[in-house]
Amino acid sequence: MQSPIEVGVLGATGMVGQHFIRFLARHARFKIAWVGASDRSAGKKYRDATAWRLDGAMPASVADLAVEECKPGNAPKLVFSAMDASVATEIERAFAQAGHTVVSNSRNHRMEADVPLLVPEVNAEHLASLAIQKANRGWSGQIVTNPNCSTIVLTLALAALKPFGIRNTVVTTMQAISGAGYPGVPSMDITANVVPYIGNEEEKMESETQKILGEFAQGAFQPHPMGVSAHCNRVPVVDGHTEAVSVDLSAAPSEADLIAAIDGFRGLPQLRNLPSAPPRPLIYMTDRDRPQPRRDVERENGMAVFVGRLRKCPVLGYKFLCLGHNTIRGAAGAAVLNAELMESEGLLG
Amino acid sequence: MQSPIEVGVLGATGMVGQHFIRFLARHARFKIAWVGASDRSAGKKYRDATAWRLDGAMPASVADLAVEECKPGNAPKLVFSAMDASVATEIERAFAQAGHTVVSNSRNHRMEADVPLLVPEVNAEHLASLAIQKANRGWSGQIVTNPNCSTIVLTLALAALKPFGIRNTVVTTMQAISGAGYPGVPSMDITANVVPYIGNEEEKMESETQKILGEFAQGAFQPHPMGVSAHCNRVPVVDGHTEAVSVDLSAAPSEADLIAAIDGFRGLPQLRNLPSAPPRPLIYMTDRDRPQPRRDVERENGMAVFVGRLRKCPVLGYKFLCLGHNTIRGAAGAAVLNAELMESEGLLG
Amino acid sequence: MQSPIEVGVLGATGMVGQHFIRFLARHARFKIAWVGASDRSAGKKYRDATAWRLDGAMPASVADLAVEECKPGNAPKLVFSAMDASVATEIERAFAQAGHTVVSNSRNHRMEADVPLLVPEVNAEHLASLAIQKANRGWSGQIVTNPNCSTIVLTLALAALKPFGIRNTVVTTMQAISGAGYPGVPSMDITANVVPYIGNEEEKMESETQKILGEFAQGAFQPHPMGVSAHCNRVPVVDGHTEAVSVDLSAAPSEADLIAAIDGFRGLPQLRNLPSAPPRPLIYMTDRDRPQPRRDVERENGMAVFVGRLRKCPVLGYKFLCLGHNTIRGAAGAAVLNAELMESEGLLG
Amino acid sequence: MQSPIEVGVLGATGMVGQHFIRFLARHARFKIAWVGASDRSAGKKYRDATAWRLDGAMPASVADLAVEECKPGNAPKLVFSAMDASVATEIERAFAQAGHTVVSNSRNHRMEADVPLLVPEVNAEHLASLAIQKANRGWSGQIVTNPNCSTIVLTLALAALKPFGIRNTVVTTMQAISGAGYPGVPSMDITANVVPYIGNEEEKMESETQKILGEFAQGAFQPHPMGVSAHCNRVPVVDGHTEAVSVDLSAAPSEADLIAAIDGFRGLPQLRNLPSAPPRPLIYMTDRDRPQPRRDVERENGMAVFVGRLRKCPVLGYKFLCLGHNTIRGAAGAAVLNAELMESEGLLG
């Protein structure tokens, strides 16, 4: 049995930070040794600095940690970033500069030309960009990011179809309220309602998807040459983003071919049996009215994407549904799996 | 001031029938004189035969009407049909045979080759098929239908774009629970959930849209030569179907052209100022997060379709949102407007 | 026909202020001539200063009014106060001092010894305290308040039972999210949940109820000598506070006596046919599962309280349900009815 | 390690039956060996006879069992009954007659004079009535029942206060939709609404509570001499009944006394460490807005009752909130714990 790897969490007291704390507290390999937050919280115990919003109790192992400022000094080599976008750029760079590996859920560095936007089952080879990142920036550390929650769900599903040649996709999301944090979406907006707009979400899905599905070649990311059109909506669901997808493929697979590709899809996390990897990243459900967020999203520890209703699309060729847990597979769990992949690649230094 | 036109309602005690009763009770021109229902209800007063499910009280003017069997004998010339699909075919035909004009919300006759599937602002000229219907069937009466609720919303929005040449559309619906009647959707299915399947709804949207937007020429309906792909979902909203639409146009209009076309769209109901016609059938909303079902669907007496978020679609050209009231513009109000158009055309005999 | 009375609204841009604007825009007698808000908004047009959150459009008659600071100078004689509690004390007093009649929905002055806490059907005679208020304070104007939204619903129902001698009441509320304003209750808190706590609400219901049902005698308010115990809960309902009430009466009425008292209850607003008065302030519903907030709260323009399920309580004697519209009868409509009563009493000066 | 005890489930294909199957499939000691359902299902595999409605997948260990008719023949000695009330009386009696121990969740026998209405932490001594039951009825088997879901939550909380002398209680429930089974509550009734009526629920809470808290003495149940008044409401919550309780005690404990009594409350299931027993049957939560159903009900495997907000009641003395999982602690889990207690008492024969 290996000794645990100490990790820190930047922005540990906020909602995303709490998701990291909850996810990591049960982790077999990573041990939370350090929590960073704003000046206002620094010096307090985590239990006193944090208004715990998640179901279940605050993990006891973290409650008594002293919160520190988000400065590199005492933090472990590996830090997860749950920083708010308004401050993430500077702080994440300071940590990378000081030799830390920053595994970030923030959006700030996702689209940078030398930063991997990683989904371990989909584009593990993008980690090759880290050498360039370090050289470019003169960092002893490094920054790796995971995509926006709705993008992860989509790209995992599309990755299985990539061998058939993806030319275009139109996706309409029905996203859970937990994606907006806390206090997040006012109940007066979403009770018995649909809010058909989420700031910058469509742009993120469209650009991130191309980067993730693309190649890293000759020292640069080559966006996958495909059209992506997203319609993003908020619906009164607690956890789980549901996405209705039409896809235009260059090959002419049968429905059975596609379902087999979905069911058979595996990536490095599965081959290496990484601690947080779901045995199967994609689960195809055969009931005609599944997946459904409230009923299915907690399965597989929230780390799989559920696919269903694959059928012909009269316009683009095929259409289907997919569903993933936005705060687990779409955020904290995604970042932790990124770190696990990096460790298995020997990239944690 | 004209004398009122007496009307009947077939299937008056069910949920759709109740929507007809409520809508017609406030009507300036039509007067409910006859209510038909199953044998079980026949002979009772409407108030005793009906478990009233709608908000507000049962209209007093109807409460004391005696319910009759759904047979042609005593019914007025004009009857609205809210019959369940399991029995509508036979009963509606019997009434048409006996000389009645049947204005039906049921799906049974919608796709027949000699039955108009009418949206008065969109395809009033389809009424020309009635002459052929009567000749074909040897009826002194006639049957006219309105589309499925989600189709009406879509086709009204698309009608404004038709001058730009519609080649393809991909639509994802987020449909209200009231569309499923009563008891309808179990709360265990839809509370804090999305149910991504509605039986036969996608097929109906795909085929009905082509018929409605098509021509009636040389004695036959010519479906509009376009691809339609529908993803239909139920969401926890009480009233109002929201639809995210991508559309491929053969012309190259600007966004301003399209918004002007939407805002300027009018049909015969507006020109003739029909009693139930909204002054503008399409209302373009400029706020970036509108329309929303709970906040907007009751405006314009539920008879307009609300459009918003028109923007470029990287795959099909343009995308937008539309919203309509499924039990008013999508059902009872649609049928009543059909009858008003027929009266203005002199087709009520 | 009388000429309209010009009115102002203090705090017109906030949520409560918007409810006043919407309610007053349709008023037969009062005309909104002045809107006051914070310094930040002063100088802008109402349409520009206000993020309109209510269903339906902002009333056109108000949209172009210039927002002024909340200072007495230009305001009409009669002002409605929708001020936040943090600033209401000082501002309302400044207006009263300057000769204005302040009809306030804020909680700040409700429990003052010389300020009427008015429910026009229940304690119109409390207006006699105004003479003392003016004398005490040296004001040429005056302040009148309406109760907390959940209190109004309870006290209207209890007022009908007062002739039977109310000794004690235990009430459990299930309150709508609109009662908390905007952004108000986070959706993460209330979606598919109950939040069994509303800050200070129980204390307000307990003390306000005693004042309202008490007498104004010998120059002082005499709280009604009764026990009031409130359990206040937030539930995922948009509008309408539902209250389950047990009551201990000193007389021994029959159920029929109580229902007759509820149905027959009338107050000065009904006798004088005040513009916003519902014909019957209490509506007893006989269906065993009514009233229900979503289905019933909009009836009677939101100004009546709906009562149902009156039955024996094995502990306190009788129990029943009541329901009222928290933002209409419980807030803006309550204040406007207070002003109407004052006008009919000749108290607007 | 003991060998497993084989058990059967009567009514295994319905919603309550599915809850039993799911709960028992993870049980350390009981093994599902037999499933009974209606004639219509008999002969099929469980997977084919059952429309599985619960979250997560049908337990694989049960899926291939052949469903049998609900007749005593092949069933194990111990059977759990999830029978519908319309048929439970006859079938449960037939099994008891044939020597089976029937541990029933159905309401039919709860109030019989020789049938224990058991909450293991509260009235284990009521099992003494079984000897009389067998003698009275001439049965070699026996019937034991658990209370209605809302009653269990209340009586567990009240049991801790019983040492202080309970004279009266007034309780208002806010009950989850899962309590009504499937399809259960129509979404048109409960979406964004409260339904303030649940058939026979108030009567059940009032009578069952007195039996459970009473003594079994001199061969008969002596109802606890207390007044119980219940107001039962349905709210849009998936799982978990929340109850607002006022209680009149003959002693004069302090708040601290009561909280200590709640925190310290234990019963035989805890002393004997029964497999399904929660370590503490009552968990007192100190946050002012807890417990909440969506956030708390799944803790402790759904087997504890959560209490909070204990405070003075101006009318009855004290008031507090309690919350329990209606389909686990209130149904399947309750029955299983009953069987575990009986086994530990040597009453399974």
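The chains carry the letters A, B, C and D, assigned in the order they are written, with residues numbered from 1 in each.
Assume contacts are C-beta pairs under 8 Å (C-beta built on N, C-alpha and C of every residue); 3 or more make two chains touch, one makes a residue touch a chain.
Everything quoted here is computed from the prediction, not taken from an experiment.
By count of C-beta pairs in contact, C-D exceeds the other of the chain pairs C-D and A-C.
The most distant chain from chain C, with centres taken as the mean of CA atoms, is A.
One inter-chain figure worth recording: chain A and chain D are separated by 41 Å, centre to centre, where each centre is the mean of the chain's CA atoms. Here the spacing of chain A and chain C, counted between their Cα centres, is 48 Å. One simple way to say how far apart two chains are is to compare their mean CA positions; for chain C and chain D this gives 42 Å. The residues of chain D that reach two or more other chains are 191-192, 236, 238, 294-295, listed in rising order.
Interface residues of chain D, counted against chain A in their complex, comprise 55-57, 191-192, 238, 294-296, 298-299.
Across the complex, chain B is touched by residues 53, 177-178, 182-192, 236, 238 of chain D.
Of all residues in chain C, those touching chain D in their complex are 168-170, 172, 174, 191-197, 206, 227-229, 231, 233, 235-238, 242, 244, 246, 248, 288-295, 308-309, 313-316, 319, 321.
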